[in-house]
Amino acid sequence: MAHYRDLLARIDALLRPTLGEGRVADYIPELAKVAPDQFGMAIATPNGEVETVGQAATPFSVQSISKLFALVLAIQTEGDDLWARVGREPSGAPFNALIQLDAEKGHPRNPFINAGALVVSDVLCSHYAVPENAVAQFLSRLEGRRLIHFDERVARSERDHCGRNAAMLHLMQSYGNIRNPVDQVLGAYCRQCAIEMTCEELARAVTFLACGGRDPRTGEQILPAAHAKRVNALMLTCGTYDAAGDFAFRIGLPVKSGVGGGIVAVMPNRCGVCVWSPALDRAGNSQAGARALELLTTHTGWTIF
Amino acid sequence: MAHYRDLLARIDALLRPTLGEGRVADYIPELAKVAPDQFGMAIATPNGEVETVGQAATPFSVQSISKLFALVLAIQTEGDDLWARVGREPSGAPFNALIQLDAEKGHPRNPFINAGALVVSDVLCSHYAVPENAVAQFLSRLEGRRLIHFDERVARSERDHCGRNAAMLHLMQSYGNIRNPVDQVLGAYCRQCAIEMTCEELARAVTFLACGGRDPRTGEQILPAAHAKRVNALMLTCGTYDAAGDFAFRIGLPVKSGVGGGIVAVMPNRCGVCVWSPALDRAGNSQAGARALELLTTHTGWTIF
Amino acid sequence: MAHYRDLLARIDALLRPTLGEGRVADYIPELAKVAPDQFGMAIATPNGEVETVGQAATPFSVQSISKLFALVLAIQTEGDDLWARVGREPSGAPFNALIQLDAEKGHPRNPFINAGALVVSDVLCSHYAVPENAVAQFLSRLEGRRLIHFDERVARSERDHCGRNAAMLHLMQSYGNIRNPVDQVLGAYCRQCAIEMTCEELARAVTFLACGGRDPRTGEQILPAAHAKRVNALMLTCGTYDAAGDFAFRIGLPVKSGVGGGIVAVMPNRCGVCVWSPALDRAGNSQAGARALELLTTHTGWTIF
Amino acid sequence: MAHYRDLLARIDALLRPTLGEGRVADYIPELAKVAPDQFGMAIATPNGEVETVGQAATPFSVQSISKLFALVLAIQTEGDDLWARVGREPSGAPFNALIQLDAEKGHPRNPFINAGALVVSDVLCSHYAVPENAVAQFLSRLEGRRLIHFDERVARSERDHCGRNAAMLHLMQSYGNIRNPVDQVLGAYCRQCAIEMTCEELARAVTFLACGGRDPRTGEQILPAAHAKRVNALMLTCGTYDAAGDFAFRIGLPVKSGVGGGIVAVMPNRCGVCVWSPALDRAGNSQAGARALELLTTHTGWTIF
């Protein structure tokens, strides 16, 4: 693990001077208040060790990273039936999210675009009394240490700025692809996005995806190996919205990002990674985070290709 | 007026054998129950006379025809300020209603597509405690005879099948173009669509648009003449969704149609017309109704062009 | 006619101070060289008189106004069969011209958008050895005085900047809606756009559309009355691209505009009008030209509505 | 290699009964004549051995598989400058190819959609006198044995049915992203698609992508290792049009398909694969070919995830 520590230190040293370049997410006021020049990174190995650098113990808003864990829960409850309600293709472009959803009769392209994540939330609403708590409990079980915390101000702020998500829910409902009340699904979704975690915790939480679906800490098989591989495939093709091709090209690992500035990555058979820095690039991914992952793969030679 | 009576009789005779061709609207169950082979027509002149044929005294669901009268009320209260919130261009295509609304930042193309009519409803919500009653009272004042009736089953049925309208409202709200609660606007809109009137009543109700905005019965100036002409222009370019060009080409009069099978038409300086037959063509306009207007203009030579 | 002279003088006086506001078309270099602050206007009556003001005798590039006369020729040769190959609905939006053309399988919305005008050119290519000359001869016959002139530099400039039109032709050809070689159709279309005429000439040339299709000078029935009315309807709903609704609303007359700054208008049963001023508004219509027509209709009360 | 032979035999036995399900490509007449129930497969290892089953020695039309090798040549000549002219993101949807290309100002999403492959052809036109021969020579060098053959009837047939490609070239030219004459680029592209090869040859030809860019037969470094990995990433995210997500999910290997029924695949550090069966699924990929790759990865456990 010592070489990981050195590597993280070198990455940190290289990136420190550039921190804050880009823009903090400002679509909800609470996120706009976060200081942009923070940076943390963590690598968690199957044997339970975690190496970190920078602000890896600072909690941040996971935002869309929560979609990954909600998806895993939905696969646990629905299995392959889930794919009758949501696709697994890259969506192509954010600007046509609504027309695509409409042209394809309320069937979202994949579970990582908002429309697809809302269907996943609807699935969880059918199985759990409080779906966002189910996601939080799942995360605390994976992470192994503490209760997961919601930032209630962020959750409320999300709820106040969710007109477009409400529009997509109503549209999907009109096509019969939403089964619970729109307000309930929207509430669960907004609170799930407001979960707060640290790099260290998230790196541990994704490690099972590097281990064929088995949680290395507890030995529990979270997902069958074949399903875990498929989740990795989805992360690669759809994990960073319309920059997925560019991430595959530059970084070559399955990743999932959030507008809170976090990115989780999986190096199969080797480790889980989480990096966080709030300033975003134009595609909405952490600018320093993407750069850190690029440095990591360049120095280690890690790639799935 | 005798020649109108003869003319209507001839149109009726020509169309009787074809009644029922096309399909009754079935997007809400209540409308799907209407017998398709009904037909009525009425011509109302400025001097207060009305000539009718067929089932011109049978009440039917006005549906989108109500958008015309709601628009007139909104112009009365807002004047030209209204056009900052809704455009006056043909929309081009129904299939991209949502993408267009999104691309144009929640500003609907015109007040006769659903998105625009919802903005008009929102305007009325800001001015009237019960906007749908304001529309109904306006209609009864224009029509001069009776209380306007809502079909409550149709209203409820509309409310149960309005996912797409809810989607558009939430989207426009996210762009700041809806000022009242989505549920309130949607409720007013759905009830307004469920107003029931007869051909005879509707022919009288549109006559002020043939008279430079002045109600010929009461002498009241409903709209300034310039505004009334503009409403006629909107009816011509946008009154029959994506068949407006075809109606202008074949019929050449300002019209507004509804999926209940009604169509109102205006022959400037001459008369108001209403025709009703529930079976619709592929564009959603009354098939026999459009044919009746075509026969009317062919026989009279009426056209604005 | 004296009152027309006074009226034109008043319009000229009102508009002179604002001439040059807007932008001259610059998509081809030759058009960009035209001085923006020119203005001319002409009214031609059925009895053969023409009243003018300003630079009504200065030739300008008719550009898309030629589409109107090409359409009339195509109706003469094809009659109603033409409408199997081109629609008569407003297109809604320029930004989706290609997607719409593709989604609708190479069938353009109307003969005044570029795609539709290219189909009209293809029709003329099937009937005339040199279609652009047929258009020019038709115009000189209507106008009654001189040979029509092409600006060869504009024609060449058009030809060098027609990638998008070539793209649409190839797309329509792949759907079987173009029957002559793409290069031939494109050449005819580009030369037709480069015809040069004056306000005075164009006002006379459109007068037959105000006279039920009969040329008042020669008595020749150019089009059957019913067809002439329909051409007027098309001008109203589709004559100014995506500003047709706004023109109908503000001006209320059938019109056809070109990016050379010309606009022709028809007041049924009364006169033909042409106005020219090269500086364009954002929709690509002459800014002073539209304003002049608005003043004309306000002062005369002319409107078809 | 014996186990590969057994494995291929088992796959062949499993698939034989289903061969011919799906539809042979029929957009050009020549392809429509191919017997649908053919099947061949080949695995080529870095040590130069090739194991095959079925009709692995039957030449077929490579079609879009040629885009992969044209891309490699273009990277050789342009390096990273290529990416200023073509993106590397999944395109999302075939139906909006033209609108996307237009909205993104003639910059294609990736080099494997037609628009992107046409830009690659344009790049090759700037470097090679006869670009399609350069592709063929590159393939014969990689394959190591014979001259590559063009099916001239297929090439002519392609040329006769390329209206949509011509449309895209003209559109991109109008945005300045095509530098050679449209006819020349189109000719090179159509002939390149008409190259004929066998499974055995194509499996050998892609092996360098499994070996960090080094041709295992000759030791030549075709591409730097980092670039080879990136080509694999592009194959995974964009190699099968709008089924890339599904292929990543089900098969988990970089692949490139063609409508001739061929699919090449890369298992990094292990082997190159080619499978061929002409009947296609709805997304235009070989139905038996995709199933064969799925069986291969299931039995071997191969996946990059």
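Per-chain residue numbering starts at 1, and chain names A, B, C and D are given in the order in which the chains are listed.
The rule we apply is simple: contacts are C-beta pairs under 8 Å (C-beta built on N, C-alpha and C of every residue); 3 or more make two chains touch, one makes a residue touch a chain.
Values in this document were obtained by computation on a predicted structure and should not be read as measured data.
Enquirer: Answer with same or different: of all residue numbers used at the interface between chain A and chain B, are over half used by both copies?
Expert: The interface of chain A with chain B is built from mostly shared positions.
Enquirer: With chain centres set to the mean of the C-alpha atoms, which chain is at the far end from chain D?
Expert: Between chain D and the rest, the longest centre separation is with B.
Enquirer: If you average the CA atoms of chain A and of chain D, how far apart do the two points sit, in angstrom?
Expert: Comparing mean C-alpha positions, chain D is 32 Å from chain A.
Enquirer: So what's the Cα centroid distance for chain A and chain C, whole Å?
Expert: The mean C-alpha positions of chain A and chain C differ by 55 Å.
Enquirer: Measure off the straight-line distance from the CA centroid of chain A to the CA centroid of chain B, and report it in whole Å.
Expert: 48
Enquirer: Among the residues of chain C, which are close enough to touch at least two other chains?
Expert: 95-96, 103
Enquirer: What topology does the chain touch graph have (line, ring, star, complete, other)?
Expert: Graph shape here is a ring: one loop, exactly two partners per chain.
Enquirer: Can you name every chain pair that touches?
Expert: A-B, A-D, B-C, C-D
Enquirer: Quick check: in the complex, which residue numbers of chain C touch chain D?
Expert: For this pair, the touching residues of chain C are 95-96, 98-99, 102-103, 161, 163-164, 166-171, 173-175, 182.
Enquirer: Provide the residue numbers of chain B that touch chain C in the complex, in ascending order.
Expert: Touch list, chain B to chain C: 87-93, 95-96, 100, 103, 109-110, 229-230, 232-234, 236-238, 242-246, 248-249, 252, 254, 268, 303-305.
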